[in-house]
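Have a look at this one.
Note that the chains are named A, B, C, D and E in the order they appear, and that numbering of residues resets to 1 at the start of each chain.
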Amino acid sequence: SSTQPKYNANKPLGPQINYTITGIDAGAGIMTSTDKALKVYGLADKNWQLQPSSTAAMTSTLKKAIADKRPIVVTGWTPHWMFTKFPLKFLKDPKNVYGKTEQIHTIVRKGLKQDDPQAYQVLDHFHWTPKEISSVMLAVNNGQDPANAAKDFVKKHAKQVAEWTKGVSHVSGHPKLTLTYIAWDSEIASTNVVATVLRQVGYKVTIRAMEPQPVWASVATKAADAQVSAWLPKTAAKLYADYKNQVVDLGVNMDGARVGLAVPKYMKNINSIEDLKK
Amino acid sequence: MQHKIESDAETKIEVRGLTKIFGKRINRAKEMLKNGKTKPEILKATGATVGVDRADFTIKTGEIFVIMGLSGSGKSTTLRMLNRLIEPTAGQVLIDGDDIAKMDKQSIRDIRRKKLSMVFQGFALLPNRTVLQNAAFGLEIQGMEKNLRESKADKALDLVGLNGFADQYPDQLSGGMQQRVGLARALANDAEILLMDEAFSALDPLNRRDMQDELLDLQEDMHKTIVFISHDLNEALRIGDHIMIMKDGEIVQIGTPEEILSQPADDYVEKFIEGVDRSQVYTAANVMIRANTVNIDKDGPRLAARRMRDNEISSLYVVNTQRKLVGILDADDVRAAIDAGKKDLKDIVKTDVPTTKMDTPLADLLDAVSTTSVPYAVIDDRDRLHGIIIRGAVLGALAGQEVNVNV
Amino acid sequence: MQHKIESDAETKIEVRGLTKIFGKRINRAKEMLKNGKTKPEILKATGATVGVDRADFTIKTGEIFVIMGLSGSGKSTTLRMLNRLIEPTAGQVLIDGDDIAKMDKQSIRDIRRKKLSMVFQGFALLPNRTVLQNAAFGLEIQGMEKNLRESKADKALDLVGLNGFADQYPDQLSGGMQQRVGLARALANDAEILLMDEAFSALDPLNRRDMQDELLDLQEDMHKTIVFISHDLNEALRIGDHIMIMKDGEIVQIGTPEEILSQPADDYVEKFIEGVDRSQVYTAANVMIRANTVNIDKDGPRLAARRMRDNEISSLYVVNTQRKLVGILDADDVRAAIDAGKKDLKDIVKTDVPTTKMDTPLADLLDAVSTTSVPYAVIDDRDRLHGIIIRGAVLGALAGQEVNVNV
Amino acid sequence: MFNLFMNIPTLPLAHWIDSFVAWLTQFSGFFGVLTNFIGSIVNAFQAVFDLIPIWLFIVLIMALTWYLKRDQKYRGLLIFELLGLLLIWNLGFWRDMTQTLTLVLTASLLAIVIGIPLGIWAAESKTVSAIVKPLMDFMQTMPAFVYLIPAVAFFGIGMVPGVVASVIFAMPPTVRMTQLGIDQVPADLNEAAIAFGATSWQQLIKVQLPFARGTIMAGINQSMMLALSMVVIASMIGAMGLGTKVYFAVGRNDAGGGFVAGLAIVILAIILDRITQSLNRTR
Amino acid sequence: MFNLFMNIPTLPLAHWIDSFVAWLTQFSGFFGVLTNFIGSIVNAFQAVFDLIPIWLFIVLIMALTWYLKRDQKYRGLLIFELLGLLLIWNLGFWRDMTQTLTLVLTASLLAIVIGIPLGIWAAESKTVSAIVKPLMDFMQTMPAFVYLIPAVAFFGIGMVPGVVASVIFAMPPTVRMTQLGIDQVPADLNEAAIAFGATSWQQLIKVQLPFARGTIMAGINQSMMLALSMVVIASMIGAMGLGTKVYFAVGRNDAGGGFVAGLAIVILAIILDRITQSLNRTR
């Protein structure tokens, strides 16, 4: 708690944080990876443990620790506002437990291609970069309504959007389309942008934020038509394995996502997972 | 104990071997009862309480049947078994010849709606209903239409003297008023049989007398059968056609008020009736003594004189051949008539004799008897002389001495 | 209405101008009361119910003060204001001279614990406590140690005839038994004042008489002050030192039983006491008439003979100079004595005169009077002759004719 | 014996359950009907709320409150309602509020319609009670998360599975309190009903329910509160409303924003609470 | 007027709240004490549960049940307890179960210790009642997610904030039912107590609480159920136990596994429910 002392670079880290890595949702892919990392790097034998909590609890703990300049090790990923808001760095992962990078895939329901070929095409074409997504995320983080931020983005990047909608004709009769997404800020951004584009094409798009499992389940059971928030190969590995036969994977819509262990930048002596053992 | 069961066309309720045992080890308790163990013994041995022990009795149509007894003697239990509010452990209750224990749900419900109305010892009013709605409850259950049932309930409230309180809630009423609401609820129902458990216990004397009169009217005009539990001996004696006295779950005596008063079955009953006000129960017929008479159509002064001498009395009543009272003879007048050689009594009969009817309660006679020194003549509806009332006999009756029964 | 307020050292409870109005528009109702409106008028106009209307009365230490009246006349309300269970709208209640309305919480609590015990009209037993625990409730509140209070409660249960039921729960008891638990709870408390709201209403005659005797004993031995609400006139007359009769929240009359019976304040009271059994109330002193006497120490046969002639009687009572009863004189004997020239009455006095004490209840005399033709002589503790009892006067008294009061 | 027991392999319960869920999918027709049924209630409520102008909505709520509390103190509550609803409007949560209201009213309605009869039944039959009690424990403590995911297969996403989850979680208090209330009816009142020939139904309607009213209303009130407490979880499978706002804010680690959306829920809760409680007090 | 109102800018409520939370951090000493206090209760429970061998635990639970239900039917429950606990053991959830039990017992204990006096107070004073009722609404409907996150700043991660959140969510039924139960005590019983000179305290202890017992126990029972229903949410801020298992399984999209862990919670719920309910029935 708050009575803990500030980070002391001269002492071993373990005792300072009670050998605890602050994690997120127990079932998340990053947690599985971290469990593995504890073993691979021999941390488990040295009493290191992974504390499951939730994204919100983790970021809250992180915020508090940083405010007090206390030491902390968290499970981190990007794109996420924690990396824009806090001075964080990923720890090096020489044994490559977390994989080099993550990619975000677009997943649609089976039969979408037949039922809504225009939408299918837009979704299939949708592809952007971490830099682009960050601009939307930042706007939202600064208090702008996600839908408006997406509209702004679409307006400003007309060329790119034209690429996504190349060969797509306007549909009539306002066919309904449902997108589901995980309420992470990156996904809020991407889903809103895609929704805006699809609306321009003539669809009546509903977007629904929810937990990862229902996001996948909804596309698999055709309760929803698509999602653009599938982090692979690590984060959503289990869900992908469960549902891959019931959905259509349209491939990557963004490259360069990353997951791993992260610490505040002021923890100068800690740069690699190996350093935790010191 | 065996009691006579009168079975005739007029029987309304017949109870045979009715038994109720409360508690757990009922079979054991029943066994012990059969072996003649007492209620306290059984309570001690089994923890089961004997409520009622093999009761037999019969209630006739149109009578008021009063149940009395020590508190805890099983009166309420008996009453509640009559409409099967309490399931009997053993025995039968026949209403109009039908065994209610054997009835299906629908039939017993019909009987409860149409034949049986009940006044509860603890009132049992619904707290969230107004007085009027409480009074209309029984009718509502019967499915009667709102206006009709409320007007009926209103009449019943009038009857019990609660007009003006129709819109209050039970907790705004005094104890006696609450009891009268319960009474109104039962009366509104217009059932053939009224089961009343200490229905007047919280009433003041005036309301109580009014209610008693009401019951008597109901019985007379509408031929209702009323089973009434009371702790007030005077009340029981005043309104009861028969009185049943219970003790420890058993019936000790059943009889008319006069029978109970004049022939108590045992010491218990005797003690029970000790404080009773007999003047309210006894009638002229109960205390009259035989009058010495002469027949004006046949007898002359000489016979009258001899009869006076024989009985050491100074006056003699005169009747005609139909035993109709004619008047009274004075010893002096008779002597004078003999001296004058008259053969006839007609001239010497004094006709200003104070009279009273057979069924006049003693209470109503006291005043007159105390101020008039001549004995009252007791006559029936056809003016026939049945006896005379002397002060000593009145006082004797009030003191509990034996009186004439079934006259 | 104004009632005399006796204020002396013996006063236990004094009530002045005590008023209770239930409902909402109380000030308006109070206004209307002052302007002499009646309870029904006020109810109609304001919806407020007048419970008690400016009651003044005084209760002395060691007396049994009975409150009677129609149901809803404000008896319970009055009683409940005595221990401030109901907050009076106006007026004062002084207990031992202290105004309880002005007391702080602690003092009123102390008074309730030590001075006031209450029996509730609706029993108010705690359903989740056994009979014993219920009876010990008041003592428990006082903080008495468990063994002690349970043994006291046990004694109280004995007193009310409920030994053996100590471990049962209230809902396993009959109505009368429940009432007796409430009684035991109040008695166990050993308070100076007992407030009893229809405390015997559910009791059978035998238990009732026992309980009445119990109260009388308590009053006599322990000098308890008892305020008792009853609907039973005979009970009220039997145990009450004073009786207060209420109607519509007002006090109609306060007086001793005899005063109430012989001088009812108005038609209402008269109707109220109509059905009463006077033989339980009146004593020999109430019905005796003046005896014609001669003084054996001074008077001779001639004076006796003249007195008999003057009063048209055939016998004469003989007393001595201390008015002590010596015997009775027969007219024949007096005549014989005069003929024999005797100067003294001593030889002709018959000493086998039937006597009775002044305070013998009429009920106990009835039997004797009805069988003995000689009038009974009424004597006091020192054998002085106060009067004689003739049958006519007895019957007259029972019939409600006026009697001697305060003899 | 215990050692012996330890050698028993772990029961393949999880597997059985998966098979059971798979087996259930064949009843998709039934679930479709149910989904449509609940969906139409939701739509009806939402349509009404969307139709009524905001000012009229506020006026109606206040009028209802005044009517229900007319013999009691109501000024404080009226002021609270006015300010509370205006605040929700001002914060831009109006539509979210009506969506949440729709969710809660639908769930409460279903909880009452199913729960009260069930409670009555349980009060009357020991067997039913023996079954209903553990069932209620199950419904209240089986975490919603567990059945929400499979529920997507049966009820899709959005309001309907939110309603289903809320009903499951919120119904038990109504059932339990109904049973308790009826159990507490004094014996003599029941006897009075029986003695006058009441059918079980009449006894229930005319004696037991009126007497138990306070307790039952407490149960309904609890059910409503629990339904409201479910809105965030419901939002995790796509039920829109204030829950979504909270969910978003929490995801952004925006404590203030979450609290404000939560406050809107609380305002709604207090208004609903007060209205249901004043339903109770008129005798 | 309403148009005018629309022009008022959105109130910066969220900002105020953030400032308030920031301001609260200066009381970290106080929160530290509270954390230690709750933590020590948790540790005590957990130490006991860790000490008792499994078989003894099962025997003790069954013995307790038998003792409490000795005049009633108990065989069914005993068999259920035996099988249920053995199942939990068999599934490998024993330690998780005791952790959850620790969480629930601590939370219930605090809910009872705070809730009953509060309910009593509310029953006695209209003012208190007017404050407590909306507070309870607040506690039940303000989503735990909202205050859990800032709570981390005060209570850290782990059991303690889990207990705090559970207490907040689970306490209202105890408070409400206590108040209801005391309100329902018949007037004449209260009068009897007063007439015999009872202090308010005696009246409470000797008359009101015994009479209201059934209703209060129903409230406590509800509180326990609600505490159990919070275990998954508690696991989101690091409280260990069955909730974590559920959370973990759900995260892995393992419906069957989640259900099995949920079932263990339900078994615990049923056992706790039955034991508290039989506490009630002995008169």
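Methods note: a residue touches a chain if its C-beta (ideal position, glycine included) is under 8 Å from a C-beta of that chain, and two chains touch if they have at least 3 such contacts.
Note that this is a predicted model, so its numbers are computed, not measured.
Peer 1: Listed by label, which chains are in contact with chain D and with chain E?
Peer 2: A
Peer 1: Taking a step as a move to a touching chain, how many steps at least join chain A to chain C?
Peer 2: Step count on the best path from chain A to chain C: 2.
Peer 1: If you average the Cα atoms per chain, which one ends up farthest from chain C?
Peer 2: Using the mean of the C-alpha atoms as each chain's centre, the farthest one from chain C is A.
Peer 1: Based on CA centres, what chain would you say lies at the far end from chain E?
Peer 2: Chain B.
Peer 1: Taking each chain's centre as its mean C-alpha position, how far apart are chain B and chain C in Å?
Peer 2: 28
Peer 1: How far is the middle of chain C from the middle of chain D, if each middle is the mean of its Cα atoms, in Å?
Peer 2: That gives a centre separation of 64 Å.
Peer 1: Averaging only over C-alpha atoms, locate the centres of chain A and chain D and give their separation in whole Å.
Peer 2: Taking the average C-alpha coordinate of chain A and of chain D, the gap between them is 34 Å.
Peer 1: Report the inter-centroid distance (CA atoms only) between chain A and chain E in whole Å.
Peer 2: The mean C-alpha positions of chain A and chain E differ by 35 Å.
Peer 1: Give me the residue numbers in chain C that touch at least two other chains, ranges are fine.
Peer 2: Those would be 122.
Peer 1: What parts of chain A, by residue number, touch at least two of the other chains?
Peer 2: 56, 60, 211, 213, 217
Peer 1: Two-or-more-chain contact residues of chain E, please, as numbers and ranges.
Peer 2: Chain E, residues with two or more chain partners: 145, 149-150, 247, 249-250, 253-254.
Peer 1: If we use the touch criterion from the header, which chain pairs count as touching?
Peer 2: Once each pair is checked, the touching ones are A-D, A-E, B-C, B-D, C-E, D-E.
Peer 1: Any idea which chain D residues touch chain B in the complex?
Peer 2: 188-189, 191-199, 202, 206-207, 210-211, 213, 283
Peer 1: How about chain A: which of its residues touch chain E in the complex?
Peer 2: 1-3, 22, 25-28, 31, 51-54, 56-57, 60-61, 64, 211-213, 216-217, 238-239, 242
Peer 1: Give every residue of chain A touching chain D within the complex, in rising order.
Peer 2: Touch residues, chain A against chain D: 55-56, 59-60, 63, 81, 141, 178, 180, 183-185, 188, 208-211, 213-214, 217-218, 221, 223-224.
Peer 1: Within their complex, state which residues of chain D touch chain E.
Peer 2: Those in contact with chain E are residues 2, 5, 8, 10-11, 13-18, 21, 54-55, 76, 86-87, 89-92, 130, 133-134, 137-138, 140-143, 145-147, 149-150, 169, 172-173, 176-177, 180, 183-184, 214-215, 218, 221-222, 225-226, 228-229, 231-232, 243, 246-247, 249-250, 253-263, 265-266, 268-270, 273, 277.
Peer 1: Tell me, which parts of chain C touch chain B in their complex?
Peer 2: Residue list for chain C touching chain B: 22, 40, 43-44, 49, 68-73, 75-77, 121-122, 164, 172-177, 179-180, 198, 201-209, 231-234, 271-275, 277, 279-280, 363, 366-371, 373, 391-396, 398-401.
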